[in-house]
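Have a look at these structures, which come just after this line.
Across the two complexes that follow, chain A remains constant while its partner is chain B and subsequently chain C.
Moving on, here comes the complex of A and B:
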């Protein structure tokens, strides 16, 4: 899936930032008369890089980048608003809060059930538009995301769950990108070497493993490791132990719980980055500008790292935004397997319990994560792509 | 990459099918994939003949039995024969995956190529819808909708199709925008061929290789999302069985009764790996210039 995503995003995101073929001051700097140029290799290395750096971080540019990002963020905010409201309508259609009261004793009549739901803004007799307006007002004015069908406030659940899921998703995303890119760089310079073949075999295999299977496999390995070492080092359930106190023990405890689910998410997440990045890097290595870089005296490894990698990272950066929902989806299953009380598990609970407001809050969180990923990807493109100008 | 599948003018005209077949047959990984997939299809169709049990039969004299002579794959906590369930579950997952993937490709080709050819407002609107659906946490909406409607696997097919066509449609659209400028399309236009006929007869066939490859990879993607949905309890529901529900059943007892988990997990992975190998072989056969993302290990 990630492979396709890279394919689609790579051609679309060019329009995200403006493209100025005519360069300004930097081109002049490089077109000085030959006589005044410093010696061959020295000229190439530091001076050129300084030029890049000036263009990237100059104060004027910085402000423009900020404005550009702000503009994009506003667009994404609109997208979040639309997505969240659409989910509200869908959730109200497809979830039936009444069913929560059907099994209660003494048996209630339908009217009684509706009356019980009324204080939570879930009364089916009230028109959907009115319920939606009520809900929207509470969210906008008080940041109150409503109550579950049995009256538990959604805000209480969201608060700590966002942190729980956030650390899982963030750690897994960062590790996936790092691992994927690092593997692609280490294999691309020796295509079809044993290391290239081996890592590819592993990646293609992992690409095909469902999240549930991978997570349970990691659980099995964790249990086996614990048993063979005779320790309880890796925890396979929950995000923390109930009885740990003190700062350092708490940190260690959290880490012990974090390792296995993060490992599981990373194993599935890095594959897309590795396979796309490898293909892009192999394309880039054959390109003219890398040959030019080699001709200026850079070693093959230097040319790959400084030139080929930089250019080929751009599509990967744009696919990062669309990769985050996949991490989130993976996190739903992973949280279920590892018993983490995060947004993913909350999501399955809200749907199983017909909790309209809870499900909508999760959707809003998912949309927000996508938006954050997209904005990060935009920044990365501006930093990486020398052709992209923002003003 | 799939984007490089734009057919060139020097495409072999006559006997191209045989050429593709020969290229495909040269790829050992692809042949292995075809063989595996054929075996799985045969197993799902006729595997039930080798066992006297039906997937819903409960043998109360053998609860949570390990694999043995009577129950090849053992039994679960309810006394169901895991072998019979695996055969049935594989069949369910296969039928869902193949039909969703086929429907998705048809939908994506028509929408993507149609939008690109018709252009104007239609194109803008279609792209907006695609972009929106890509951004919305679609898995959440998928779960929301299928929780209410599913239980019936046929509904699951519809739901997965409705939320699965966007990515391919986006790729088809971006390739079709260059195809619509081709001479043969203009020629057809001047001859008075109607727009939809041009889309179906002239644009879509030229994306054939991309569509075929995406068809096989779509099977993989569908198996993965069906498994995830069923695992969470939003897809296929009891008493019906799919590989995803079997994984969910086995997940609680992976140390005490690993056979409940190992057999469905193995079948899922075999299914997706075989389809990936086939898809990759097809990509290499149809477009020898492509740098295939996944074939290095299979060569």
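Moving on, here comes the complex of A and C:
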């Protein structure tokens, strides 16, 4: 799943856990015959048993987990370094800042263009190795990620865009997960009931709506609401108003700007969580241990919440964590529709403008997000699945 | 059929007829399916008395598990149930989930079949137990935990205080089943329903678990409903037995009466088909012809009529009601009286098939010789960079000969290395250590390609699960033609050979165009056997060939294999965990423990005069389908379970569990048991019966 998501880039907005709902639905219908289940499931004799393993639990657990996470983190750090440097080489190879000057009048000579690029460490006459070394030294020593072909520092751009995207994506992701998991629990418990069918229909519909259409739909609804209420309550463009001052008014203003794009991202993002989590949960509900839990006196709903849900959340936690970078850089269309200057927008801009340093910084940011996501996923798995602590 | 049973004469109910704790009346359960409603349970009635055990036996699809789930209220929501389930006078049928949940766990506990999947993997067993207690009792977390530890102690978990913090995957199957029993008895229920509680376990562990179940029953005074397909388990445990067939109870009686004088022809057939560890080897297994009926749109009349040797025309017009038979119980058969008073002789109903006796005839040349065979697997740790942290000695020292016309059985608990040995033989590659000779050719030597292909054809396998081992998208013809095409047989010859093979295994030519899914379990296994025979092998390796089949069908397959061996001069190498089947099937047996052969010899010698203490314990653990013998015979119940093969003891591999070692007084001998690995030696000079024990 995670590899699949990593491949999703700007065209698939906020869909961290998308998959093909129609297929899995059919599979389920086939795999869940109610009456044809063989009563003698374990009649194959004792040969299918696992070996007896005697492992000790205890205080060592915590330290082991920390060491485990640290080891993983070091591995990811190495990955970030390799990925970023590889991106630098590739970007310098394919992005040619000189072409930015082709349309300018008066026509400049090649030497003039190169001279103009030289102060930003983009002069093509300097060997790639030297440019790379210069760039790397600046990054490592000064955390200076370089300048765009027109001299704007990359750090400035990234700094505020991370915050802008952060608000949008964090709120939308949290809402998507909450909504998706809540729906999955309520529908998996009553599989094939009207509520299950209805929510699945809605989810499949939303799954197929293009992002731009959905975003514009949300904008229209927002404008209609504003007009019918006679207020300017919901903003449809930008992340803030330029003239607001003071703490409380600023917060309120930000929130008003945030509502519609968050809604748009959530509507498209929850679908994946709903459908995957529903499938996982259905498998867990059918398992023997849920039946055991019910036999000890839990109602079906209690057994599902206490026993099935927690076990089935583990894959979702992993996919969520690995989905974070895709969401960060993937919200381009939504950012464009709502006029937000976020990371996704910057990502497309840097490529369009042959901004080598900007593109590399976005890639490094994505790698860092992946690493953070992976470590978070590890921690989430440890929290949800105590077996990992023992192993 | 709604009267309380007369208690078995040998063990009268305490206190003279207490009220039943559970009464089931006319229970009917229907599942929807694509082919139409499946009537899984059709009017079942029984009573369970406190402190006593009702055994429900039947084959797969007889409705016994559905009955258990119906009583517990754990049927899937699509199932329809009617009738009465009276628990302490209250009817549970029709209660909603919330009301039922107050009953489940407090008044009825349940033990499930597969302990490996029955416990929530993400909670410690202590947490699972204290949760189960706190559902019904207002206990503090601390108090519930203390009670959980007590319960674990009660069901025989060593070091319960420490083990309460362990997770299910850290326990072996037997230990997990103990935890499941602890869960079932936690709130002292008045009824415990045990659905095939020992089916997934080794025979030595099965004996332990049945003891634990007895403890639970004694502790809570609960009535037990024991559901199983194993007649031996029922004979040793139950007070009354109900035999189910096609969703109904066809015979119900006290355990002694039922086993001594079975009265319904199905019960008679079942008892004749079940292999017995105590029977002389030449007693043939008598299969019941045909297959159980489909439960969709059952024909009118007795569902057993098509397989019944005593069938009358009347049997096909209406389904017989269960009627009381004097001094017996209740029987649903029109001819019950005739059978009971001897006018219709029960033992003449199912005559032994002609020529099915095990021949002790001549055996030919040695076709497989294995000596000093060893196989290890690395034990690794870490997900990305695998570090080797140990070595699993799956097979350490195995030697045996197999002659043409002979069946050699490998027996032992899970993890003893039986299957690894089979796979090493099938691999036809140089073993890690030791020597394997197939038909006189050492497989280690560099073999020319055509000789290797010839050897591949000479060694074939029949697998355990006939469903999983046949490609569901190939027809029977294609399945049988495949091995022939692989060795380059031309098309007309393939056609002829497939027809011949079907005849050999007793399948009708009409099955050739069918897919495996359209065949019954017994037919599928016959296809599996025919496929193995296609290339005219000399050695057939059988990995649990009948363990997935029902008793009445299993007998037919065992007889078929015996006949084929005699007619084709085959040599069989068999792995089976069911020692009773082995007694009927194998000529010689090698007993394995932790990758070592600890005893080998002829089946007769091994069963009548076991030399190695492990063999003794293993044989003693097999339940005998005879209640009187089960109660009187002395039993050796081994402690613990087979340890992991990662660190083998320095001396005898069995020393940690050996009952003989504990009784030894000679310090020098004890020292040898601990430090020297005993070698296989003949029991008497020149005997083929060999064992590896210092003390015997």
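For the reader, a short list of remarks on this structure follows.
In this section, the second predicted complex is superposed on the first by the 318 of 391 C-alpha atoms of A that agree within 3 Å, B and C clash if a C-alpha of one lies under 4 Å from a C-alpha of the other, contacts with A are read in each partner's own complex, and residues count from 1 in each chain.
As a working rule, a contact is a pair of C-beta atoms (placed from the backbone, for glycine too) under 8 Å apart; a residue touches a chain by one contact, two chains touch by 3 or more.
Everything numeric in this text was worked out from a predicted model, so none of it was measured.
When the two structures are aligned on the shared chain, A:293 is found in touch with chain C, with no touch to chain B. Of the two partner chains, chain C is the only one that A:384 touches; chain B does not reach it. With both structures placed on the common chain, the touch criterion links A:257 to neither chain B nor chain C.
Of the two partner chains, chain C is the only one that A:310 touches; chain B does not reach it. Looking at the shared chain after the overlay, A:347 reaches chain B, while chain C stays out of its contact range. Ranked by how many residues of chain A each touches, chain B and chain C are led by B. By the document's definition of touching, neither partner reaches A:98: not chain B, not chain C. By the touch criterion given at the top, residues 31-34, 38, 40, 60-61, 64-66, 72, 74, 76, 78-79, 97-98, 101-106, 109-110, 112-114, 116-124, 131-132, 135-136, 165-167, 169-173, 175, 180, 183-184, 186-187, 196, 199-202, 205, 229, 384, 392, 413-415, 419, 464-465, 544, 547-548, 577-578, 641-645 of chain C touch chain A in their complex. Here chain B touches chain A in the complex through residues 1-3, 132, 134-141, 143-145, 147-149, 167-168, 170-171, 174, 214, 217, 220-221, 223-224, 227-228, 231-234, 244, 247-248, 251, 254-255, 258, 261, 265, 268-269, 272-273, 276, 291, 293-294, 296-299, going by the rule given at the top. Of all the residues in chain A, the ones that touch chain B in their complex are 1, 3-8, 10-12, 79, 82-83, 86-87, 90-91, 94-96, 191-192, 196-198, 200-201, 203-205, 207-213, 216-217, 219-220, 223, 275-276, 278-279, 282-283, 322, 325, 328-329, 332-333, 336-337, 347-348, 351-352, 359, 362-363, 366-367, 370. Contact residues on chain A toward chain C in their complex (touch as defined above): 33-36, 38-55, 57, 75, 287-302, 306-307, 310-311, 384-387, 390.
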